[in-house]
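Two complexes, one shared chain (chain A), two partners (chain B, chain C).
Moving on, here comes the complex of A and B:
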């Protein structure tokens, strides 16, 4: 039985309202407890350090078919960044698409302990889980792509919400998924023949349904199934000038499905759909309009999708968008369409400071985070690796916490982008408390992960300790100090065990895989219906499709009581 | 008699998963739905089989206990300075994962059969990318199907039927009726030829040639299939059109097509013997299709030009996407050769030819690929799993392989296992043990266990775990 006492740290635990209070945290058997006897416990002296719950990443592409295709595509990405084998850790390669082991170690070194892999083609679910099994140090979950699944399109077209919900629940169980992911709804089906949809009201070819109906339908399904997270939406028209209107339409279209102030939709990597202007030349930030809407409506949560000036690898299920990106960049391009379900694309990309468009994107991401007033409804991401690798999170933390840091970067970016940027007019600087909110507490709450993102009694003992004294260090001025502290955690504690010390992995642990298991009443009907249509729709047999629970390294199912 | 259904077929890259197997007294007696290759494997896998571990003593392979064989194998690998670990495409991903851990532990080079197969395709994908899909996408949507340098009718027998031309999809209907009438035509034509030849006293029929005028079926608004190859294969016979390319001239033909797709003018009359007018018509059909697919096989990857050929093919398909939707897919051979690339890549970042001698993964095919290492005589031991390099490698490489200590883990007796110093027979994955494998389009499917393995045979995964454990023990003691 491992017991820990973390003494004298400045604790930031937003879910329990603790704002930098000097206090002790006790853990026993992988949980936070009220007290343990000092004799039996290992004591960590955290005086002069920050203690936070382990980091939670709501959206990072770390495993599965498209991530691995990205790894294969880019040996040049790996050559300059390697991890040598140690007695405790496996070797690997890094940069924008690290190998699985390296991904786990590097997140843990930054104090992150829970990761959400946001794009899994259901047909290739086994692949995603195999990779998650090989991603150590963290708990994880993955979202199946369901916005263009033929069953969803057909049932929603015929207004059969309950049947749709029952089938989505089958899929959640079959793929061991965690949330409903929607990517460019309708657009991916159209991409099957090389087309796309124009906006929320365009008809999906051959299916007589609009993206709006898909989003609304799945939002209702999500409620019927009582899922812990909202629908997780990558909007139509992503990455196109003027698309902030599509993003606003997407948020608005589920406005009347909200109740009790609870969010019903998560707009992911919002930076990529906050573009104003009619073409690349007139590109402007739509962050003001979007944040204004979000500040006035409680049914939406966002994550940033911040851009970092670096060489990275873009990968989304949005096949048509990735093709546009290929045409824009002229870089190598991977496309992978998945029968009956979805698509995927990959293009290496370099964000340059001196590029007007890239610099504007950089500004938009930060504007969003600073203009959305409620830190509980915007989360820090880069849409890893799309905006940049997750290892750049500490940079973003320093930009959010320090106007000086922002100004320093502003001086270096494209002149026209600088002139247009709203950043000079924003004085807001995040506090450590707010930072803990957007990097763990808020994300855990949005995901409905009750054991994560806080240090209250009974919470999982996933804890990050950063070597920085909030009483002595002014984050606004000493932003480099802040960045360094968040880059390498002094301690990362996973399930009550010290796994990282001074930025080095000292113990390798495997971590759990969460999945949602909706309890529906009519499983027999769905199974027989699916079975009947299976051979028509897919090229694999019904029995070979579901991922058995034994396939998951450490399975952790979350049963939810569905209303169908 | 118990019938096991939905069994995946551990033979080719099509990895059909609808096989029905009847088992009587733990012996497979009947196989339904499989092609000739699949059926042959399920019915005959157990014949000519070694089930006890062997070690070479005084020049002879003699039976030993598993423990002794594992011990010997571990000693060989642990004491080697630069061992190679090769094979992997015919085993499960679970075994491959252990193999990678073992390679890392001993600081060796791990490589798989792609190195002598679709390795050039991978090099090209790393340069250009690939516009691809899962096979069902083609079944539902593809109306123009190219097989280039591959002969699915013989090598992937159910590919056409399950996934492409003869498959029934949501937006595209099966073209098997057209095939039936064509087949009747072919047969009567053959009979006629034979009669004429007999009458004239000729020995050989005249060589097939590309018809210069495209058949009318190519212009119709329905599913069509075009085969490009150096000879008229069985697949070419059933195709709507056969385009005969001169040996080693694929690159020229691909680049010519690419120029036409890009609206550039060709200043020659013929390309590899085919009139430019004919190529122009073909390009018209390519551009006019709703969704096209180009499957390519070793005819393209292993003929002159190698990865340059694939560069041209990938670029042609990429360029076609400006005008329509077009996809491309390598026809992978072994049932889990795609899987081995997948597992290598997620653990090390690289799909084959991974060198752990520096403590981290290095990749530089030509330097870190096994054939090149063997030819340079750099390795000092080898572990071969589920593969037969002695029969397939260049002579020099095979010689160097067997000169040094060689460990083989394979359920079958092969030329490689006969030359080995340690042989550990394993159970047949997909027949006697479970696992995971990846179809050629990256769809992962379960390998099933339908009968019990011999009591003396463990799975590849278990054997490898034992060796890894033993290697670690030896190294601990050594330190």
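Moving on, here comes the complex of A and C:
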């Protein structure tokens, strides 16, 4: 087995408190170890370079029915970005919704090694895992959508939290999922009837339950099951002016469920739910209010959902939101009601610099990242591909690390949005240490992935080396240099093997698929009730529903001791 | 400078030859041109494998004219992205002729295939024979159609001529298939012959003039008036024409002119005037 010595790099390992120290990293058998013999090991000279743990993306739509429908919808997105096959890599197409193999290669080229696919309709779990199996170079996991799942709604309505927990535990093993994903709770069920929920306290049709009860209920379930990640919430009223209040309500509603300063809720792509104002014309940033709340409360984590000025493809499970987006853009669209489980929508979208709304959104994302004081609780994402393709992450890194870069873009955006933007008043610039936190360490900690996001002993040997010298390059002035360095990693090491060198894939490896296997004491009487319902309501027989472990390319189950 | 390409044999499988481009040839010697890469099916070839290349008047200051002497109906993307010079095809040309063209002239003495002038920005394409479907249309799925230039087809054309057209002019001497000017954003399409119907579906702006017969007008169009003549690119076309406005299903304000004399079946519209 390969042994590596990474010599003389500037190591940024926030989970172990290492801030740009010049040191050597040793790996053996896919793990970080204390020392290896120099004779047997391959030596990488990383002098003058940055060494970080491999990147972790907490929220990127890379696989599943919805992503694939997006690919089919957009031939024009692919045809200008074609990757031909090489002796090592497969051919594919790119841009906003790259094919699976290209997704893996491109993430690895940027030094990312762990990806979380955040929206899987349980009915499409097999499809999702098939695509994840075909996403090389990275470890991955996927979150089943449970916020509008009929069983969950019924259990929570009847206040049967423990039974609900047993059911969710079955769902995790059946779909091979990693975390509880909640999208517009109650709203998707209402969408089945062409409606939506107005706020957290509106009743879900036919279920006599409110979104607040769903969020609180699943948060309790999450705690009972001892899940590694918190509940992963896409708020109600996403993408509507004035929705920062809904986002604040969502955070507040689980405030008293928090204990020991640990987060209990993750608000995802927060930019899309930080809109102030009564309509699109009076849109303003709610980043200040949200960051103020987050700074004062430790039970919340956020990810940015930054917008990039480009042509992209929006896709969420939030059917009603996507319908609004279709009406706004007039573009072609897909909308789908997934039986009793969830919904989905896809709309191609172009974010324009000169559009007041789009420019304001761009500003909100950065304001959030800069105003939230604790980099451990906000993570860098674009909600790929909703805010922009993941290949734009280096751009965001340069904006966060350099006020000059932000000002340069500010000059190009819509005048009114520029006037309203809080960015000119923010002087904060991220350091490399903080950057390592929001792109890997913080995300790994939020996900409860103990062997990811750090370079301590026993950690997975997933390492990214970027060709930039923090002693010589002032990131706030030479932001282009920073962007180029993060765009193409000098080395990406996955499981102790060099997979990318100078931005080119030199070895193709397939990653693991993580899933959570909660150990519950009673799984009783779920199945008889469930079988009956499956026969009545589903197009799939109960027996065919669960995804067997053998279906996963490289399965890696994470057993957790549940409290039920 | 005249460069003549003579096909060495009749091509059986599609050939991708976007390198046949005057702007590209201008900077190259005959040897370099001969080595340009093309795909014949799944095989990599050089241009000289497929064509006999001769060069006359080697004056590099003159504009480049490429003459293709022979039938190249299997050769795709001729003149793709060209910005200057001229291409003459003595025979039939293949698909995607003049795709994303930015300037210059393409003339075909025979027929052209589908996607002729797809996404073109400027320049002129003239086809003496017939053409296939999607003339001046964007790539599949895209909404960025023809952004300028002129396409003249003396024969007939297929379906969806001028799909998502933004500006420019398309003249069809013969008949067209269905959905001429579908999704049209602006620009002008003139059809001297007949249309198979569904003209201007989802058009927002622009002008379609049909001098021949049309089976029916889409129900989302409304009659506006009868005009004796209509102007196409500054020229008067004698009518009279029924002028329809649509596509109202898309809140469109496109103008569809249809010959009154050739379409007695549309007389019923006159009572709504």
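Definition applied: the second predicted complex is superposed on the first by the 563 of 564 C-alpha atoms of A that agree within 3 Å, B and C clash if a C-alpha of one lies under 4 Å from a C-alpha of the other, contacts with A are read in each partner's own complex, and residues count from 1 in each chain.
By our rule, contacts are C-beta pairs under 8 Å (C-beta built on N, C-alpha and C of every residue); 3 or more make two chains touch, one makes a residue touch a chain.
The model shown is predicted, which means the values in this text are computed figures rather than measured ones.
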item: Which superposed partner A:270 touches (first chain B, second chain C, both, neither); value: neither
item: First, second, both or neither for A:520, with chain B first and chain C second; value: neither
item: Superposition-derived comparison: chain B or chain C, residues of chain A touched; value: B
item: Which of chain B and chain C A:338 touches, first, second, both or neither; value: first
item: Partner chain in contact with A:75 - chain B first, chain C second, else both or neither; value: both
item: Touched partner set for A:122, first chain B, second chain C, both or neither; value: neither
item: First (chain B), second (chain C), both or neither touched by A:32; value: neither
item: Chain A residues contacted in one complex by chain B, in the other by chain C; value: 73-75, 77, 332
item: Residues of chain A defined as touching chain C within the complex; value: 73-77, 79, 331-332
item: Residues of chain C defined as touching chain A within the complex; value: 138-144
item: Touching residues (chain side chain B, partner chain A) in the complex; value: 5-6, 8, 17-18, 93, 97, 101, 104, 122, 125-137, 139-141, 162-163, 167, 170-171, 290-291, 318, 321, 324-325, 327, 341-343, 345-351, 356, 358-361, 363, 436, 438, 442-446
item: Complex interface listing, chain A residues touching chain B; value: 63, 65, 68-69, 71-75, 77-78, 82-85, 90-93, 97-101, 123-124, 126-127, 130-131, 134, 192-194, 206, 323, 326, 332-340, 343, 346-347, 536-544
